[in-house]
Amino acid sequence: MSEEQIKNLEEQFEARILRDDKIEPKDWMPEKYRQTHIRQISQHAHSEIVGMLPEGNWITRAPSLRRKVALLAKVQDEGGHGLYLYSAAETLGISRDEMFDQLHTGKAKYSSIFNYPALTWADMGAIGWLVDGAAIINQVALCGTSYGPYARAMVRICKEESFHQRQGYEIMLKLANGAPEQKDMAQDALNRFWWPSLMMFGPKDDESPHTAQSMKWKLKRKTNDDLRQQFIDQTVPQADILGLTIPDPDLKWNEAKQGYDFGEIDWDEFWQVVKGHGPCNKERMKARVNAWENGAWVRDAAMAYADKKSELKNKQAV
Amino acid sequence: MKNENLYNYILGIADNNLILGQRLGELCGHGPTLETDIACTNISLDLLGQVRSFYQYAAKIAGDGRKEDDIAMLRKERDYLNVLLVEQPNTDFGYTIARQFLFDVYHFLMLTELEKSQDLTLSAIATKSLKEVSYHKRFSSDWIKRLGDGTSESHDRIQMAINDLWTYTDELFHQTEADKVMVAEGIGVDVTKLKDDYYNQVGNILEEATLEIPERKYFQKGGKQGIHTEHLGYLLAELQYMQRAYPNMEW
Amino acid sequence: MKNENLYNYILGIADNNLILGQRLGELCGHGPTLETDIACTNISLDLLGQVRSFYQYAAKIAGDGRKEDDIAMLRKERDYLNVLLVEQPNTDFGYTIARQFLFDVYHFLMLTELEKSQDLTLSAIATKSLKEVSYHKRFSSDWIKRLGDGTSESHDRIQMAINDLWTYTDELFHQTEADKVMVAEGIGVDVTKLKDDYYNQVGNILEEATLEIPERKYFQKGGKQGIHTEHLGYLLAELQYMQRAYPNMEW
Amino acid sequence: MSEEQIKNLEEQFEARILRDDKIEPKDWMPEKYRQTHIRQISQHAHSEIVGMLPEGNWITRAPSLRRKVALLAKVQDEGGHGLYLYSAAETLGISRDEMFDQLHTGKAKYSSIFNYPALTWADMGAIGWLVDGAAIINQVALCGTSYGPYARAMVRICKEESFHQRQGYEIMLKLANGAPEQKDMAQDALNRFWWPSLMMFGPKDDESPHTAQSMKWKLKRKTNDDLRQQFIDQTVPQADILGLTIPDPDLKWNEAKQGYDFGEIDWDEFWQVVKGHGPCNKERMKARVNAWENGAWVRDAAMAYADKKSELKNKQAV
C-alpha cells in the first residue's frame, strides 16, 4: 500500500471511531491500535486471572456456607471474565498461550491491587466494595470503547461486576453492624485497601503520557484523576453509611468543586508495586506459573486425545 | 433428637458434598487450564449449594436451634460422616479427577434413587441436584478418557490415581445403622444395591479410557463411622476457622 | 493494660519464636536425613521452650487473667507481631535453612543485647536462650556452607532461597513504637544498631559458602504491625485449632 | 573352615549366650544370628522412624505450648532411638542407606501399629499409654538380649520410653478428668487403639514359628501370648483409674489364672495391616519416601562438601 492509501485508511478509521462505529476483528486497523489493544485487553484478562488468587485464598475459610458459595461464584465469574477477555484479545491475532507466556515472564502486567494480601474475611468485603468499585468506574467507560469485541465483553463484565460490588458492600455492611471485632475487621480492611484502590486509576494525569491517544480510541473517556475523583466522591458516602472512617486525615468536602479533597497518594509505593516489589507480586506469579507448569501434562493429554479423536473421525469419514 | 436416624442419614449424604466441595475449593485459581479451573469451581459451587439444602433440612430435624453453619462447621472431626474418598487430597489433577469420577458415578446413582424417597424434601433436593451431578459425571468421565487415552504420562498418572483411590470405593456401598432404618422406612437409598451398577459403569469408562480396572482384595473404610484419614483434621481446621475464632456472629 | 509497651515488646520477640517453632514443627519426621530431622525438631523445641518463658512473663504483665496459651493461641491474625521472615513456608530444605540462618544471626545479636536489659526477667530469659541460639546459628551457618559449596544444584537452590528471603531481612531492624519506649527505658534492644553487624556476619558466611549477597532496593515489611503474608492465616488455623474448638479446657 | 571347626565355634557361641555373655560386633557369630539381628534391629529402627509420623501429625495442633514442647521432645527422642538402632544394626555389616532402601521398597517391616491414624489429640495420650506401654514390655526383655550393641541401645531406649509412657498416661488422665468432651475423646482413643495395641505382641504362640530360636538368642524371653497377657493385666487397672472402659465385652478377671480373660483379636485385620493394607500403610510409606527423595539433593550436597573439605585437608597436610 502506498503511504497515500494508508493515510486514507487511517483517516477513514479515525472517522469511524469518531462516529461511534465499532471496529471489528476483520476490519483494517492501524498496527498501533492493534498492539495497544492487545496490551490493554490481555492486561485486563490477566488482572481477572490473578485477581482470583487473593479471593481464592478465602474460599476454604469463608465464615458461612452462604458466603462460601457466593465467593466461589464470584471467583468463578472472574475466571469467566478472563475467558471473554482472552478471546477478545485473540481476535487481534495473539494466542492465549502467548499471553500467558507474557504474564509468566513479567512482560505483561496486571492490576497492581492484586499484589496486596487478603488477610482477613473483611478483605473479601473491601475487595468487592472498593476494588470492584474502582474497576467498574474504569470499565463502564469501556462499554463504549471502539473495539467491538472488547466493548461487548465489557458490557457483560460490568453487569456482573456491579453485582460483585454490591455483594462486597453487603459483606462490609454485615461486619460494620456486627460485633465489635467484626467492625474492627471491616475498618482494618478499609484502612489497608483504601489507598491501593485509589492507585488503581493509575498515575496522575501529568504523568500519564498515553491518555491522549487512549481518549481518541475511546479506551479512555475520562482522565485518571477524573475517574479517581469520581470514585472518591461515590465511595465516601458509602463509608459513612457503614460508619467506617476513610484512613485519610486530609479528606474533606470541597463545596466549590462539589467533590472531596484528599491527601497525597504514596507514589513511591505505587511504583514499587508496579515494578514487581509489592507484598505479593512474587507469590502471585509463583502461583500462576506453578499452575501452568503443573498443568502441562494435562494440557498435553487433552491435545493428544483431541488429535486421536479427530484422526479417528477423518479415518471414518474416508 | 426425635428423628436421629433421619438426621444422621442426611449428614451421611451431605458431608460428602461438603468435604468434596471444600477440597475443590482449594484448587480455585490453580487449575491446569482456565476452563478446568472454572469447571472445578463450578462443581464445588454445585456441591456446596446442594449441601445448604441438606443441612437446612437437618437443622430443622435436629430442632435444637442449630443452623446450617453450625452443622457444617461446628462439629468435631469424629462427627463428620463423609466417606474417606472425598477427603483425599488434591495430589495432582489426576487425583482430583479420579476422586471426582469415582464419586460422581456413585453420586448420580444414589441421587437417582433418592429422588424416589418418600421424604419429599429429600426427593426434591435429589431432583434439583441430579441435573448438576449429571454434568459433573460427564465432566469427570470425559477427563478420565482424555487422561487415560492422552499421552503415556497422563495415562500413567491417572492410572496411579485410580489405583490409589480405588481402595476407598467399597465404602460407598456400606450401610450404616441410619441407612438401614431409613431404607426400611422408604426414605433412604439402599446403597448395597447400587454396587454392581457402579462398578459396571466405572469399569466401562475406564476401559474406554484404556485404563486397567484395579483388582483389590482389601478396602479402606471408616468415614461413615467418623473414623477418617489424617487428612481431614487439617481440612477442618481451615473450614472451621472463622466459626471457631468468632463464635456466635452473623456473616 | 498498665505496661502495654512492655507487653507488646515481649510479643514482638516471642511471636518470632512461636511462628518459626511452628514452621519447624511441620517438618518433624520429613527431613532429608535423620540427623537434620532431629536437629530441626530440636531447634523448634528450643524456640518454643523460650517462648513459654516470654508468654508467661507477658501474661503476668497483662494481668488480665490470660495465661501463656491464651496469648499464644487465642489472638487474631492481625495481633501477631512476628516478622514476615519467620512465617515463610517450608518450600524445601534450602528455604528452611535460609530462613533459619537469616533469623539466627539476628536472634543471636538481639539476645546478646537483651541480656543487658534492665528488666531482669528478660535478661534472664536471654541468657538462657543464648546458649541454645548459638547452637542454632552454628547449625544453620554450617548448612549454608554445605549447600552453598556442595553441588551445583544445592548451590542454585540455596542461592534462590537466600534471594527470595532476603526481602524480609530489613524488617528485622525496624523499630516499633514499643521498641522505642523500651529502648529509652533501658529495657529493650535498639535493633537499628544491630543492622551493620548482621549484614556483615551474614555476608561473611554467604561468601564462605560461595554464595552471592543479594542486592536489593526494595524490602517487605508489615509483620511488626500485624500485617502479614497470606501464609500466616493457614498456620494459625492449625496452631489455634484445639484452643478454638475446645475453649476453656485444661490439657 | 571345616564343618568341625564351625560346629565348634557354634557350640562356644551358644555357650556364651547361655552364660549371659554379650556378643560384640567383632565376635564370630553364625550367619543366621547376624541376619536375624539385622532384620529385627532394623525393623525396630524403622518402627521408631515411621512412629514419628502419627505423633508428628499433631505437633502443629497440640492444644497447649506445654504439650507441644513435650510432644516435640518425644518425637525427637524417637528419632534418636532410630539413630541408636540403625547404628546397632550397622555393626552387623549393613548400611543405613541399605536399610532405608529395604524400608522404602517394602522389604523391611515396621510395627503395624503406626499404620493406624492419629485422629484426635487424645490419640497422643493413647499412643503414649498403650503403644509405648506395649513397646516397653517387649523391650524390657531385650535389655538382656545377647547382642551387646542392641542390648545397650535397649537400656537407653527403655528409660526414655517409660518416660514417654507416663507422659501419655498423664495426657489421658487430664482428659479423663476434664470436660465431658475431653473424656469422650479419651474413651474414643482407647476404643481405637486397644485392639491394635494387643496386636503389637504378634500372632498367637502357635502361629509364631520363630519363637523358639529367638528365645534361645534371648531376642525373646517370653512368648507373644505371655507378653500380651502381661500387658493386659497391667493396663486394665490403669484404665480403671482413668474411669475409661476397655472396649472388650469379654474382658473379665480370672481368679484361677490371676489374670484377665479377654476377647478374640481380629486376626484378619492384623494380617491385612501387616500385609500393607492398613488404614495408613500407603500414607506412611509415601511420607518416608518423599522425605528421602526430596532430601537427595541435600545429602548429595553434604557429601560433596565433606569431600571438598577432606581433599583440602589432605592437600594442606602434604
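Order as written gives the chain letters A, B, C and D; numbering starts at 1 within each chain.
Everything below uses one rule, namely that contacts are C-beta pairs under 8 Å (C-beta built on N, C-alpha and C of every residue); 3 or more make two chains touch, one makes a residue touch a chain.
For clarity, every value in this text was computed on a predicted model and none was experimentally measured.
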Mutual neighbours - chains that touch chain A and chain C alike: B
Contact-richer chain pair [B-D vs C-D]: C-D
Intercentroid distance (Cα basis), chain C paired with chain B, Å: 41
Chain C-chain D separation of Cα centroids, rounded to whole Å: 35
Euclidean distance of C-alpha centroids - chain A vs chain D, Å: 58
Multi-partner residues of chain B (each touching 2 or more other chains): 76, 233, 237-238, 241
Touching two or more other chains - residues of chain A: 61, 181
Sites on chain C touched by chain B in the complex: 76, 233-234, 236-238, 240-241, 244-245
Complex contact set, residues of chain A against chain C: 54, 57, 61, 117-120, 181, 188, 192, 272, 275, 277, 279-280, 282-283
Residues of chain B that touch chain D when the two form their complex: 76-78, 164, 167, 217-218, 220, 222, 227-230, 233, 237
Chain D partner contacts - residues on chain C that touch it in the complex: 22, 25-26, 28-38, 41-42, 44-45, 48-49, 51-52, 55, 68-69, 72-73, 92-93, 145-147, 149-151, 153-154, 157, 235, 238-239, 241-243, 246, 249-251
Contact footprint of chain B on chain A as seen in their complex: 49, 52-53, 56, 59-69, 72-73, 75-76, 79-80, 82-83, 86, 121, 171, 174-175, 178-179, 181-182, 287, 290-292, 294-305, 308
